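Letters A, B and C mark the chains as written, and numbering starts fresh at 1 in each.
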Amino acid sequence: MSSSDEHAHSARHPHLAEHFETIQQQDYAARLGMWLFLGTEVLLFAGLFLGYTVYRHFYHATWHACSQALSLSLGATNTVILISSSLTVALAYWAVKVGKRNLALGLLAFTILCAIAFLCIKYVEYSHKFHVGELPGKWFRAEELMQYPAANMYFTIYFLATGLHAFHVIVGMSVLLWVAKGIWKGRYTPDYFVPVELGALYWHLVDLVWIFLFPLLYLI
Amino acid sequence: MTQQSQPSADSPAVYPAVNYLNADRGVKSWLLTLDHKRIGIMYFASVLVMFLVGGIFAMAVRLELLTPGPTIMGANTYNRMFTLHGIVMIFLFMIPAIPGVFGNFCMPLMLGAKDVAFPRLNLLSLYLYWTGAILAISAIIFGGIDTGWTFYPPYSTTTPMTAFPALVGIFILGFSSIVTGLNFIVTIHTLRAPGMTWMRMQLFVWAIYATSIIQVLATPVIGLTVMLAGIEKVAGFGLFDSAKGGDPVLFQHFFWFYSHPAVYIMVLPSMGVVSDAIAAVARKNVFGYQMIAYSSLGIAFVGFFAWGHHMFVSGQSPFDNGAFAVISMFVGVFTAIKVFNWVGTLYRGAIAINAMFVYICGFLFFVVFGGMTGIAVATISLDIHWHDTYFVVAHFHFIMVGAVIMGFLIAIHYWFPKMFGRMYHEGWAMVSASFIVLGFIATFIPQFLVGNAGMPRRYYMYPERFQAMNVASTAGSSLLAFGFIIIAIYLIYALVRGEIAGDNPWKSMGVEWQTTSPPDKHNFAKPVVITKDPHSYQKPGEEVEHVVI
Amino acid sequence: MNELMRNLLWLPPQASTLAPKIDNLHYFVITVTMAASILTGVLAFVFFFKYRERHAGQSTPIVLPSVKFEIAVIGVPLFFFLLWFVQGFQDYIWYTTPPKNTMDVYVMGKKWMWKFSYAGGGPNAIGTLHVPANRPVRLLMTSRDVLHSFYVPDFRVKQDVVPGRYTETWFEATMPGRYQIMCAEYCGTWHSQMWGEVVVMPGPEFDAWMVEQKAGLAERVDTAGDDGGDMRGSIVEYGKKIAMTEGCVRCHSLDGQPHIGPTWLDLYQRRETLESGEAVIADEAYLTDSMIDPRGKVVKGFKPIMPTYKGRLAAPEAAALVEFIKSLRSTSLENLPSKEATYDPAKPTQRR
């Protein structure tokens, strides 16, 4: 591909990589890649959901009792926090598209604050469980729940699922910070905002996983 | 524009002075490359080293099995040998090999593209592979894993062994696989040259596409599985420990949900290689192109639902057993379709006799025998006797070595001139191909028989009546090893002193052959436009006979 | 014909009613497999020579499959595969449906040995299982530690043995003789030596042997027969420790005193009557069962108040408890059933 070809047509988009023909092709590839990656994340969590289902089936009464030991109010608060953060990140994406840089940054900041709040509440929940011994496997020592067979298994699933999710919250937060940096530096503008879209998509997945975890752990 | 044209028979073989190998110099230019061809070459060197390591473990196992009692090592050492043979061969060679080497090198060329969709991710996948490999190999140095590559609890989680580095390594290798698959899917969707519709893609590309779908969907599950096993081992969580209310059979479900589709990750690319190579060797259109393309997708899809056939005697319910068995039967049909179509491609071809022909004949015999013994073990009642015996070992080696490694060797011999611009010595290639095919038969047919006789797998010591067949198998394996050594020698020789190959020594119609050998750093001198069906050997303006069977 | 095929394929003798069924389907499948693969290889080989390139630049026709061909190519293999599935599934269902009149044997796999005990009473054994010929035998199997698999090649019988649950298989041996048992699921260092033997005796001979064995049992005063002479003092100590820490001794006395639960002194192999009226021998299977599902087989006169230890005792711990219980033997020659409980939850408790 000779450079004379490039100048013969209109100047290449500044963010267009060498091996793509048009920015539309590149953006489409980026989106397709991101959706595929989100698919892999769904499959990663799927195994834990399967584990939940299997053990709930084996130990129905235990599951019911242990789920009552979780704090419904803290869980519901977390759910509201995450759903709001999904809204603000979607709005931030729109703001970048229409060129409202400061609004976008503000919305992203709020989203990241929501993530931090989520993690703080999780910390509170976890420390309570450490305190009373509602822990997985061999660490389990919660007195009131001991009468239920395999109560430790409930908390194994709980900690694995919410732990893996919390890890993804941290990753998502980092991605959003990186996107915010890009907006700040003027890299992402109405002319080029696909990375913001991809970051927002990832955050939506993090939210979606919680939307499934919350009812399964706290409500039923 | 570069059209697909019939290469002329008498243009002199030219070795381009500047090509992807020497365009940029220095170690850094290789380690930080974004060129899919260089990444493919680095994968090539890496998987060959891993194949050697896995092969050494295999020879250790076969040597130990020469006598019914202890031969050259103790029980624990032997148990580690077969475990590491499995882990290294499967995760470090079979899964990454054809996609990582030939998928990377050839597939963008076949699409007429300049590179893969995400070149930096491609480099990342290579680094992830190296990291995972180092961690998994460190398990050898720290010692102790003897669970078999399947790592079943409670044994794996309650017996002291340093499994953690290996588990982390496999997790990271999983990421490498996912990244590769994701990259390839997006590349095939978005970077096809103008005029290349889906039905004009070469069959190797279809195979890589189907493989990549499996990689992306199945690998996260093994990632989760090794993570759970690692956590259970290190933190005592008890997910699979019956003492804490867990179920060891649940691990088997998790494990095989990935590991069954994984065998299709291994075999589909090699089938794609054979599809391309047969067309080039027979210089003919592919008989039943659409059938082969769709059957790759069929294997990828249906293969996801057959995992329970590894668990027929695990205590699974009869209903589950029946469902998994019947689904496995359907997967077998897709392979049968391919075999008919490959043989049909040879019919009325203009076939060149060379080393690839020897491998292709071997491949066809092995894939039918291996595939049908797979159907046989999928027949539940027969598997009661065969499960966890050498019959199963022979079945999967027929596919993994007989089909996949034959495919890998065909790929090497087919694309070596493209990658390096030089030809190897055809005579030695045919000699070593014969050693490989015959050595393979001699190694693994006895294993079917000793499995029938009742010899279980993973047996350090065995009853005396099994010795004759074990000795025969070990003898065969030395023939096999000898064949590989000869290949290594003449290929290394060809790298430095081989005859110049020229752009298209096979006169193949594949798009990758429409550029120089070795290719330029930017792949094609002029943009590629596709106007013909793939694998079509008709000269322009020629009256062509159409035959319908 | 059967013998010829069996020998060609290196199959072991057919020593059970299952074996000929399996082998017949095996012959069918493997014959078609061999034929198909040889045909394919030969055809490819022949084509390579018949259709080799005769001159440079030789042109080739475009050969395409017709729809009929494609249907045949899918239909014929699928027909064979499904035929095999149907026959195989039928045989499998037959294999997983034990007849009603089986003699039950409890099998316990542990690294690296097989232990057997007869449900209807009889001698326990390590490594050797005596069974009668031509009578169905059902095996109720569990593992003490890791996964194992009970495999008798000559019977074509195999079933994984899982800790924390029972798996079941059955066979009817047709030929008296000795048949090797091998473990078929990797279980550690000596997996390849976890062997045993099924001794098939003609029916009357087995009955006589069993009577003789049972007579000998009443004179046994130690548990040496079960452990092969290895008293395993440390496992008994371990079991005692667990009995204390898990709270078993709160309800089960060790010295014969009647208490909330049956006393453990002389409990092993004691004949107890259950609430249901059924009689049971308190062997390893019953003792383990009671720890997992204590409300299932409650001894008459006792209340169903024992909590479950499922999920609370590791398999080795349960094993140690059983060994400890077995070690609690008095010098009395009679093995009397448990006396009635001294505890009624409705009444206020006198002790503790």
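Things worth noting here:
Just so we're on the same page, a contact is a pair of C-beta atoms (placed from the backbone, for glycine too) under 8 Å apart; a residue touches a chain by one contact, two chains touch by 3 or more.
Nothing here was measured: the structure is a model prediction, and the numbers come from that model.
Here the chain at the heart of the structure, going by C-alpha means, is B.
Ranking every chain by how far its Cα centroid lies from the centroid of chain A, the top place goes to C. Chain pairs B-C and A-C differ in how many C-beta pairs are in contact, and the one with more is B-C.
Distance between chain B and chain C, defined via averaged C-alpha coordinates, is recorded as 38 Å. If you average the Cα atoms of chain A and of chain C, the two centres end up 46 Å apart.
Listed for chain A are residues 149-150, 152-153, each touching two or more other chains.
Within chain C, contacts with two or more other chains are made by residues 310-311.
With touch defined as above, residues shared between interfaces to two or more other chains in chain B number as follows: 241, 244-247. If you check the complex, the residues on chain C that touch chain B are 9-12, 18, 21-22, 25-26, 29-30, 32-34, 36-38, 40-41, 43-45, 47-49, 51-54, 56-66, 69-70, 73-74, 77-78, 81-82, 84-85, 87-93, 95-96, 145-147, 149, 151, 153-154, 156-160, 162-165, 167, 180, 182-193, 310-315, 317. Across the complex, chain A is touched by residues 307-308, 310-311 of chain C.
Of all residues in chain A, only 1, 17-20, 25, 28-29, 32-33, 36-37, 39-41, 43-44, 46-48, 50-51, 54-55, 58-59, 136-139, 149-150, 152-153, 156-157, 159-160 touch chain B in the complex they form. Looking at the complex, you find that chain B touches chain A at residues 113-119, 178, 182-183, 185-186, 189-191, 216-221, 223-225, 228, 231-232, 235-239, 241, 244-247, 250, 253-254, 257, 522, 527.
Put simply, chain A touches chain C in their complex at residues 147, 149-153.
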